[in-house]
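In this document, chain identifiers A, B and C correspond to the written order of the chains, with residue numbering beginning at 1 in each.
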Amino acid sequence: MAPFKLSPTGLRFESIDKRYGGLYALRRVTLEISPGECAVLAGRNGSGKTTLLRIAGQLVRPSTGKLSFPASGADSSGNVRPGYVGHSTMVYDELTAEENLLLFAKLQKVESPIARAEDLLREVGLYERRASLVRTFSRGMRQRIAIARALIHGPSVLLLDEPATGLDGLGISWLANSLRELNRAGCTIVMSLHGESEISALATRAVRLEAGTVTADTATGASLHDILTFGAA
Amino acid sequence: MSFFSNTVVLLSKELRTEFRSRELLTTTVVFILVVLILFSFAISPTTDESREFGPGLLWLAILFAASLMLQPCFLREQSNDTLSSLRLAVSDPFSIFLAKLIANTLFLLLTELIMLPFFALFYNVPILPELPWLILVLFLGSLGISVTGTALSAISAQARMRELLLPLLLLPLLTPVLVVSATVTVSLFEREPIVKGKGIAFLAVFDVIFLTALWLFGEYLLEE
Amino acid sequence: MTKRIILGGAAILLVIASAYAAFFIAPEERTMGLIQRIFYFHVSSAWAGFTAFFLCFIGNLLYVWKRDQKYDWLAVSGAEVGLAFTTVVLITGPIWAHPVWGIWWTWDARLTSTFVLWLLYVSYLLLRSLVDEPDRRALLSSLFGIFAFLDVPLVFGAIRWWRTQHPQPVIMGGQGSGLDPTMKSVFFFSALAMHVFMLFLVAERYALEKMQTETDFLVREVEA
C-alpha cells in the first residue's frame, strides 16, 4: 500500500471559515493534527465534516483562514497532495479497474505506473477483476478501488469521508486492517465517522464538530468514547 | 511539461471512453441526419434553393447536434465525482478543458465527415472540388463550437435545468460561427475566393479569443 | 441617499429636455418626416444599453478577481438595465421601419446584432435564476458574462460582414451619415441624457440588490 518511504506530515487548520452565501459551514476552526496521527472527525450530518475534509483535500478553498501541512521530516517542500476518499468512488464506471488506476498514476507522474497500479490492485484484492469495468463492481469493491485510487501516488496524508458506509462486516475489517497498516507506515489519517466501530478503534485522536465549530477534542481532554457516541444517546 | 502529458493522458481517456460505447457519435450522426431530412420536408427546396440554403441548414443542424452532444461533457464527471479526482490529480486545470475540447472537436468533425456524403446527396452540392477548404471550415467552426460548448457545459452542469440551459447559453454565443461558417460554405460551392479568405480568418480569430478566455478563466469554472 | 435623488432628478430633467429637443429643436428630416425623430431615442438607447453591458462586464471581471459581492450587484444591475434599453432599441427599430419601408423587420445588420445581444443577456439572467446559492450564482454568471461580452464584437462583426454578402434595407441609414449640425447636437444631448438616466437606473437597481442581499443575510442569521 505504501511502498514509498513516507515523510510524516501533519495538518494545520488556522481560523478556517467557510461561507456559502449567508450560511457558515465552518466557523473559526483551528485544529492541528500531528504527523502520523489517526484522527477521527465526529459529528451529525451537516456539522461540517465533509466541508473540512474537502478543504483539507484542497478541493474547496476556505473563505478565510489558512491550511498548511507541517512536516516533521527535513523536507517540507512544496505541494502536499493528500489522498482523498469521498462519498463517491471518484473513478470512471466505463473504464476497467486497471485503466482507472493507470490514468491517475500517469496524471500524477507516479514512477512505473503500470507496476504501481498492479501492486495496488493486489493489495486491495482486486487483481483478478482488474480488466472488469468498475460499473460491474459491488459496493465493497467500489470502496476498495476508491481507496486504491486515493493511494496511487503514495500520499503521506489520507483523508476519508465516512469510508465505512455501505460496507459489510468483511469490508469493514479489511478497511480497518488497511488503515492500520498505513498508519503504521507513517501515513497521517483523518476520517469522518459515525459512531464506534472496528475503524474508530484505530483512532489516536478525535474531534467533534457541531454546526461548523469544534466542540470537543481528545487533545484537550475529552474522551474518545464520548466524542464518538454523543449523538447516539 | 506535465501539462502536455496530462492533456494527452486525459485525451486518450476521453477517446477511449467514447469509442468504447460510441453513444455520442451515433446519436449525433443520427440527429444531424434527421434534422437535414426534416428540413427538406419543411422547406421542399428546388435544386437551386438546395444549393443556396443547404449549407446554412447543415450548420444549423451541426449547432443543434453539438449543443446536445456537449451536455454530457461535464455532467458525466458528476455521477461519481470524477471531476474532483481529476482536479486533485492534474497540475493545471486547463489540461482537463483542453483534453475535452480536443476530443469534442474530433467527435464533431468525425460526425460532420460522416454526414458530408449524405449532405451532398440530399442537397445536390458539389463537395469534391473544394473539399480541402470545406474541411478547413468544418474544422475551425467545430473548434469554435467545442471551445465555447466545453466551457459552457462546465457552467450549466452546476445549474438547474441543465439540459435546456446549455443550448440556451450556447446558441446565441455561437451566432458568429453559424453566420460566418454558413456564408463561407455557400461561397465554396460558388467559388468566390475573397469570401472564404476573410471568413476563415474570422473563424480562426473567434477560436483564438475563446481558447484564450478559457485558458485564463478555466480554473474558476471548476471551482467548488 | 441624496446623491441618488440628485441623480434621479438630473436624469428626469435631461430626458425631458432631450425629448423636447428631439421634437422641437431638431430640424425635420426631408424624406421621412416626423418618424425620423425616433432616431434620437433609438440610437442613444443603444449606446446607453451598451455602456450598461460594459458595466456588467466590469462587474464580472472584478467579481472573479476579488470575490466581493458588490461587484455582482453591479453586474446584475448593468445587465438588467442594459436589457431594458436594448428592448427599447428593438421596439423603436420596427416602429421606424414600418412607416418608412412598409415592413416591420429587415434583418438589418445592427438591429439583428442587437437582437443577439439581447438574447445573450437574457441567457445571462436566465442562468442566474437557475443557480440558487449566491456565491455560485455570482461566479458562474460572471464567467458567462465575460464570455458573452467577448462575443459581442464578434457578433456585430460577423453579422455586418454577412450583410455585405446579402444587402437589405438599412434601418435609419448609415449612422451619422450626413447629419446636419443641429441634429448632431441634439443627438449627443440625447445620448448624454440616456446615459445619465441609465446610470440612475443602475444605481437604483444596485441599491435594491444590496438591500435584498443584506435582508436575506439577516433573516438567515436570525433563523440560525
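Everything that follows uses one rule, which is that a residue touches a chain if its C-beta (ideal position, glycine included) is under 8 Å from a C-beta of that chain, and two chains touch if they have at least 3 such contacts.
Nothing here was measured: the structure is a model prediction, and the numbers come from that model.
More contacting C-beta pairs link the chains of B-C than the other of the two pairs A-C and B-C. Relative to chain A, the chain whose mean Cα position lies farthest away is C.
When every chain is reduced to the mean of its C-alpha atoms, the one closest to the centre of the whole protein set is B.
Averaging Cα coordinates per chain places chain A and chain B 39 Å apart.
If you average the Cα atoms of chain A and of chain C, the two centres end up 51 Å apart.
If you average the CA atoms of chain B and of chain C, the two centres end up 31 Å from each other. Among the residues of chain B, those touching two or more other chains are numbered 223.
If you check the complex, the residues on chain C that touch chain A are 133-135, 216-217, 220-221, 224. Those residues of chain A lying in contact with chain C across their complex are 19-24.
The touching residues of chain B, counted against chain A in their complex, run 2, 5-6, 9-10, 13, 16-17, 20-21, 79-82, 84-90, 223-224.
Across the interface of their complex, chain B is touched by residues 64, 116, 119-120, 123, 126-127, 130-132, 136, 139-140, 143-144, 146-148, 150-151, 154-155, 157-159, 161-162, 165 of chain C.
Looking at the complex, you find that chain B touches chain C at residues 148, 151-152, 155-156, 158-161, 165, 168-169, 172-173, 175-176, 179-180, 183, 187, 195, 198-199, 202, 205-206, 209-210, 213, 217, 220-221, 223.
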